[in-house]
Amino acid sequence: MTHPALQGIALSRRYGGFAALRDVNLSVPAGEIRGLIGPNGAGKSTLIDVLSGRAKQWSGQVLVDGQDIGACSSRARRKLGMARSFQRTSIFPTRTVRDQLELASHWDSGSHVDEVLAQLNLAEFQHQPANELSYGDQRRLDLALALIGRPRVLLLDEPAAGLTMQESLDLAHLLRDLVKRWGITVLLVEHDMDVVFSICDRITVLNLGELLVEGSAQEVRTSPLVISAYLGRNAA
Amino acid sequence: MTIQLLNGLVYGGLLYILSVGLVLIFGLRRVVNFAHGSLFMIGAYIGYSVAVYAGFYAGLAASVVAMAVLGVLLDIGVFRPLQKHDPLLTVLVTFGMLLILEDFARTVWGKDYISVTVPPSLSGNLELFGFSYPLYRLLVIVVSLLTVGGLSAWLRYSAIGLYVRASSADAVTTGMQGVNTDRVSAIVVAVGAALAGMSGVIASPLMALSPSMGGYILVDCFIVVVVGGLSSFGGAFLAAMLIGQIHNFGIVYLPTAASAIPFVLMIAVLIWRPNGFSGKSSA
Amino acid sequence: MSGPATHSQREVTTSGHARFVPPAWVLALLSIGFGLTLPHLVKGPTTMTLLTQGTLNALLATSVGVLIRQCGLVSFGHATFFGLGAYLTGLLLKSSGLPTGLVLFLAVLVPTLLGFVIALVIVRLSGVAFSMLTLAVAQVFHEIVLKWRDLAGGDDGLSVSLPSTIIGLPGSVFQSANSMFVICWTTLSLILFGLAVFSRSRMGRLVHAIRDNEERARFIGYETLLPRALVFAMSAAIGAIGGTLFFLYNGFVSPDLLHWTMSGSALVMAIVGGAEFVVGPAIGALVFLGVKDALGNLTEHWQAIIGVVLIVITVGFPSGLAGILAAVWRRLTRRLLGDRKIAKRSSVRTVEGKTQ
Amino acid sequence: QDIRVGVPTSLSGPWADLGNQVKRAVTFAANETNAQGGVLGRKLAIEYQDSEGKPEVARKQAEKLALSGNKILLGLIASGEGLAIAPMVERWDAIYISTINKTDKLTGDTCQARVFRVNRPDAADAAAVRPWLASRKEDKWAIMANDIAWGRNSGESFTKAAQGLGKKIVSDNYAPAGANDFAPYIQKIKDAGANGVWVALAGRDALNFAQQAKQFGLLANVTMAGVSFVTDSTVATLGDTSRGIYGIVNYSSTLGTPENKAFVDAWRKAYPGTEPTNFEGETYIGMQVLVQAIKAAKSDKPADLAKIMSGMSFDTILGKQVMRKEDHQLEGPNYFGIVAEQGGKLRPVIQTTVPSAQALPAPDPACKMPV
Amino acid sequence: MSLLSMRDVDAYYGRAQILDRVTMHVDRGDCVAVLGRNGVGKTTLINSLLGIATVRAGSVEMDGKPCLKIRNFDAAHRGISIVPQGRRIIGALTVQENLVLGAASRRKGPWTLSAVYDLFPVLRERADTSGTALSGGQQQMLAIGRALMANPELLILDEPSEGLAPVIVDQLIDMLNALAKSGTSILLVEQNIAFVRDVVKRYYVLSKGRVIEEGPMDGVPIEKLRQHIAV
C-alpha cells in the first residue's frame, strides 16, 4: 500500500482560548493538486502553518509519505521536500531577487534558478532588491522561493492574490505543468475560484476550523453548504 | 526594615519619573535616547539657577518648561529629519547631544560640584509608623505615584494615547488616518523631556549636581525601561519599584554583588521573556 | 570592498548604474603595502602613536560593525571581548609561564568561545532587547574585573612588564609605535579582507538573509541560530585580537576598557564610518580618533564639537563616511568608464532623459 | 628654548573639578617661575591634555605629550591613570611626578626609576589615623568607603587601627563609584548603632553621602571622619553641612610655615577671592620640586632630572623634604583636622600634625629601584 | 468640478521615475477604476497623492485646490480615505482600536463603529484581539472598515478584494454601490475584472507608468479589458 504524500490526522490548533482548527483530517495522494478553500478565518492558513511546522501549539499528526514529521523543525521539513509560500508575503527585502533564489536553492545547480525566474516572470528584475518590486511581483517572488529546489510537497497560501488575471491563469498552468513533470503534490489555498476549479483534482472546504466538505470540483461547486458559507453569487 | 522599604520606594520613584520619559520617547521614536540623562542634568542645573533667585518651585517650573521646549526642538531638529532612516542613526545623534549638553553645562555652570539643599518648607522629618523619615523623600514617592496616575490617565483616556501607540508602530499608516504624527511626536518628546527636567530638579537635593551626573543614572534607567518592557508605562513603574528595592536590599543583604544584581535581573528577564520586550523594534 | 558583488566586478546599484569595484585582495594588498610604507613617510613619533592607537580602535569598531552589517545586531557590550583579550594576555603573561605564542592564542580563543556560548543564548533576541542584553552582560564582566583585586588589580588596573621576546620577536617591536603600527595595520587589513570574502561567501549571504527575514530563512531550509552565533563569535574574536594587541602595546589594562561607554564609542565609530560597509567602522575609528585628537589640542570644548560633528555627519550623510567615499568613487568611475546604465525592463526608467 | 612640561589631567569626566584645580596650580606656578625669569634662563611652557579620568586616555595623552617633546609629565588624578603611565615613562624617555595619585603601588611594588611622588600615599593617610583615633572616645565605628582599591585600602587600614585600639567595627559598607543613593547605607549604619563613621569617599560620592546623611540626621548624631572627605572643595560645596567633620588633610592653606604664607598671599593676588585648596597645594609642591631639580641638574633632560631628584632635598611650602632614594617618595608630614570656621570662612582646620617619620611607612621592600 | 484631478504627473521613488505624465480625474459621486498589470504604477499613483512617492512635475488638485505638497494627515482631513495594498493593519492595536484610529479625522457621517461591525460581524467578535492576529481576509475587512470610519468623500481602495472569500466580495460590491449612490467618490485599483465591472463607471488603463486608455465602463466587453491589462 502506498502512503499519501501528505497526511494530517486530527489536527488542532488553539490561540489562547480560541480554537482556530479542530480535529481536521486531510490526506493528499502524491501528484495531486488539492484545493483548500473556506471563508475568511476558517483556518486555512492555520492548517498550512501546522503542516509546515510554523505553528507552535498544536496537536495531531503530520505525515509525509507515511513518515511522521510532527517533531521536525520547519527547516527539517524543507529538507524532507516540503516547501511553502506565505499569505503575508515573506521575502528577503534587501537582497536581490536572484541572490535570494540562489540562497533558497542552497546553491544546488540542479535547482534551476534561471528556469524559475523565467517561469514566474521575474527574470527582468533579478538584480533588483526585493523591496523595490511592486506588490504583485513580490508575491511571485514569495512563490518562487517555495518552488525552487523542486520540493515534493508544496503548500501554497493564496499564491494568486495580488496577481493579474492573466498571471493567475499562467500560474495555474505552471502548477499543473510542474505536477505533471515532477510529480509533486500541492495543497493550494486560494480565493480565486477560476484558478481553483480549473486545476484542483479535489477540494477540501474548511469552515470555522472544521472540515465542511471534501470532494471533486463539481461536487464542491454545487454543494449548498459551500455556496451559502463561501461561494455566494459566484457559484455558477 | 520599613525604612529600607521606603528608601527603595524613593529611589524607585525617582527612577520611574526619569525612565518614563525614556519610555515615551522610545515608544514613539523607537530611539533609545542617550541624551536623556543630560536632559535630567540640564534640568537640575536650570532648576538650581532659577531657585537661587526665585525659590524651589519656580525652579521646578522653569526647568519643566525649558526642557519641554528643548524637547520640541529636539524632535523637530533631530528626530524628524532622521525618522525615515535606521533608528540607530538617531541613537547616535542623541549621543552627540549628550556630549554637547555636558560640555554646555561645564561651560555655563563650571566643573565644580554644586549641592542643593532641600527647600525649607519641605525639610524636616515626618513621624511615620513610629519611625521618622525625611519629609522630602516621602514627597518624592508621592510625586512619582502622581506621575504614574497622570500619565496612565492621559494615555488611556485621551485620544492621544491611541495615536502615540499607533504612530510608534506605523507612522505612515497612522498619518493616513488623519493623525498629525509630527505634532503627536513633538508633544510626546516634549513631555518626555519635561519629565526628565522635573526629575532632575526633584533629585537635586538628594544628589550633587555635576555635568556628568546624567551618566550615573542613565544605565539604571535603561534597566528599568528594559525590564519594564520598553514601551509599557505600567511595566516601567513596576520595574522601577523593583529596581529600587533590589538596589536597597542588595546593599543590605548582598553588598558585594549589589551593583551587579540589576544587570543579572535584566539578563534573566530578557532571556525569560524576550518577545514581550523586543517587539518589532530595531533600534 | 563594499556591497555583495560576486566575481563580476560590475555591480548594479539601486539607481541602475554600473560601478567598478576592485577585487578585495587587490585592496588588501594595497592596504598592507600602504601600512608598510607609512612609517617611513610620517615624521615624528606622535602621529605614529596616534595611528597605532587608532588602528587598535579600528579593530574594536570593526568587531562591532561586522555584527551590525551581517546580522543587524547592535551590541552595546563589545568592549568586553576587547577588554578580556587584553586582560587575558596580561594575566597569562604575568603568571602562567606559558610560551608567549600560546598565551596570545589563548587570549583570543577564550573570549571567542565565550562569545560563542553567550551568543547561543542572546542572538535569539533582536533590536533593543539584544542591545540591552549585551550591555548587561558587559557590565557584569566589568564588575568582575573591577572587583577582582587580587588578580586583576581592581580599578587600579593590571600592568605587567612585558617579556623580552614575544613569539620570537624582540618585545620592543611591539612597543615601538612604528613597528607596532605595521603589525596592527596588517592585522586589520587581513581581517577586513577576510570579512569582505566572508560577506560574499555563502555563509555571509545566508547570515545577511537571516538578518532580513529569519523566519523565511528557516522555511527555505536553513538553521538560523548557529550561523548568527558564529558571526558573533567571529566578531568577539576580532575584538579579542584587538585587545591582545592593545595589551602588547600598552602593557597595561584597566576595567575602564570593559565599560559600556567604551562599547558605546566603538558603536559611534562604527556607525559614523558606515556600518553597512566592511571598511566603514575602521574608517570611522581612525577619523574619530584623529578629529578628537586634533580638537583636543585646539580647545577644551572638543566634546561639544565632536557632538556637533557627529550630528552633522549622521543627519547629513546617513550612510556614514564610507558611504560618502563610495559615492565619490562611483562618481569618479562613472566619469572614467562612461555613464553605463543597465537597461531595465520598464521603459519608464529610460525616459530618464528628462529626469535631470 | 622653553622647558616643556606636559600636563595630562581630567578636564572632563568625573574628576573634572580636580583637573581644574591642577590646571590652576600649574599655571600659577609656571607664571610665578617665568615672572622670575624662568629656570636656567628658560621659560616653563605648559601643555595640557584632557585625560577624561580614564587610564587608557591618560596613557594616550601622556604619550602624545611626551613624544611631542613635553617629557616632564605631571597632573594625573586617579590612581589608575598614574599606574597606566608609570611603566611607559622610561620608554618615552620622560619623567613623571605624581602629585595626586594615592595608590601605594606607585612607589611600591610597581615603582619605576622615572616616577616620583610628592603627595602622601594611602599608607601615610592610614598612619595619620591612629594617633587621632586613640584620642577619641567613640568605640563603635562604621566604614563607608568607595568600592575601589583606594576605598578598600583605607577601610582595611582603618579597621586594623581601630581594632588595635580595642574599638569595634560594627558595619562596613563599600559603595560603587558613582552611587546616587546612599540612603540604604545610612540606614545600615544607623541600625548598627555606630557612634563614629570612617568615610573614604571622594568627589561626588562624598558630597552625596554627606548631604543625604544630613537629611537622615546621621551627621548630627555620630562623629564623622574621613580621608579625601574634607577637601577644600567638598567643604565649599557642602557649606554648613560639613561643619564638624574630621578628616585627614594632606595640605591646608592655613599652615603656618613662612613659605606657605608667602605662597597663599601670592595665590590670593593671582586668583582674588580664593585660597589654594589641598590639591592645588600638592600640585604646587610638585612644581616646586620640579623647578628645584632642574636648577640643581642644570638640565631639563629627564634622565638627568631623575638622577638628581633621587635622594635630593627640596624646599617646599611644607618645609624641607627629602625625596627618598629607595622608592622616590617625598618625605613629609601629614595632618588631621576638622571642618570649622577660620578667618570667617568654613574650611578644614588642622588640629594634629603627624611628623614625617611617623606618617610615612618605610619603603616597600618590593620596590627595587634600578640603579 | 472634479473632486480630484491629476494633470501630467511625474512621480518618482528616489531617482527612479515610475509615473510618466499621468492625467486623470475623479468627479463627485464618481466611481473610477485604475487597471493594469503588476508593477505598472497603480499603487504609486495613490502614493503620489500621499507624498509617499515624490511628484516632480504636473499638478494635483482636490476640490480645485492644489494639494501637491499635502501631508498625508491632511489628505484624511480633506476626506480622502485609503484601503492600502497589503492592508497595513497596526498589530500593536486591537481590532477596535484600529477602527477608532480610522476616525481620527473626526469627520461626521453614517459610518460608526457599530455600522462597521454590522457590515463585518466577524470584526465585532474579535474586537479585542490584536489587529494582526486576524486571518488575511479578516484583516482586509478591517482595513476597509477603518477607511470607512473616516466617512470619506473619496474612498481609495488598492486591490480590496485580495484575500476575501467570494461571498464577502459580493458584499463588498453591494456596499461600494450603495456608497457611490450616497455620493461618495470611489477610486478603485483592482485585478478582479468581474468585480470592477460590477462597481465602476469609468476606467483608466495604466501601462508602464502611462495612461494608455480610458473610457466609460458601460458596454466594454470583458475580453477587451483583459487584453488591456495583459499589455
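A, B, C, D and E label the chains in the order they appear, each numbered from 1.
FYI, a contact is a pair of C-beta atoms (placed from the backbone, for glycine too) under 8 Å apart; a residue touches a chain by one contact, two chains touch by 3 or more.
From a predicted model like this one, the values you see are computed outputs, not experimental measurements.
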For chain D, the least number of touch steps when starting out from chain C: 1
Pair of chains joined by more contacts [C-beta pairs], A-C or B-D: B-D
Between chain A and chain E, centroid-to-centroid distance (C-alpha), Å: 28
Whole-Å separation of chain centres (CA-atom averages), chain A against chain B: 49
Gap in Å, rounded to a whole number, between the CA centres of chain C and chain B: 33
Centre-to-centre distance between chain D and chain A (centres being mean Cα positions), rounded to whole Å: 76
In chain C, residues with contacts to at least two other chains: 14, 147, 303
Multi-partner residues of chain E (at least 2 other chains): 16, 39
Per-residue overlap in chain B, given as positions that touch at least 2 other chains: 102-103, 215, 259, 279-280
Footprint of chain A on chain C - complex, ascending: 4, 12, 14, 202, 205-206, 208-209, 212-213, 215-224, 342, 344-345
Parts of chain B lying in touch with chain E, wherever the complex brings them together: 159, 162-163, 165-166, 168-170, 172-182, 279-280
Chain E - residues contacting chain A, complex: 13, 16, 37-40, 43, 85-86, 122, 133-138, 140-141, 159, 162-170, 191-193, 226, 229-230
Sites on chain B touched by chain D in the complex: 3-4, 7-8, 10-11, 102-103, 106, 111-115, 117-118, 123, 125, 132, 134, 136-137, 203, 205-208, 210-213, 215-217, 220, 247-249, 251-252, 255, 258-259
Chain D-touching residues of chain C, taken from the complex the two chains share: 44-46, 49-50, 53, 146-147, 149, 153-157, 159, 161, 175, 177, 250-252, 254, 256-257, 293, 296-297, 300, 302-303
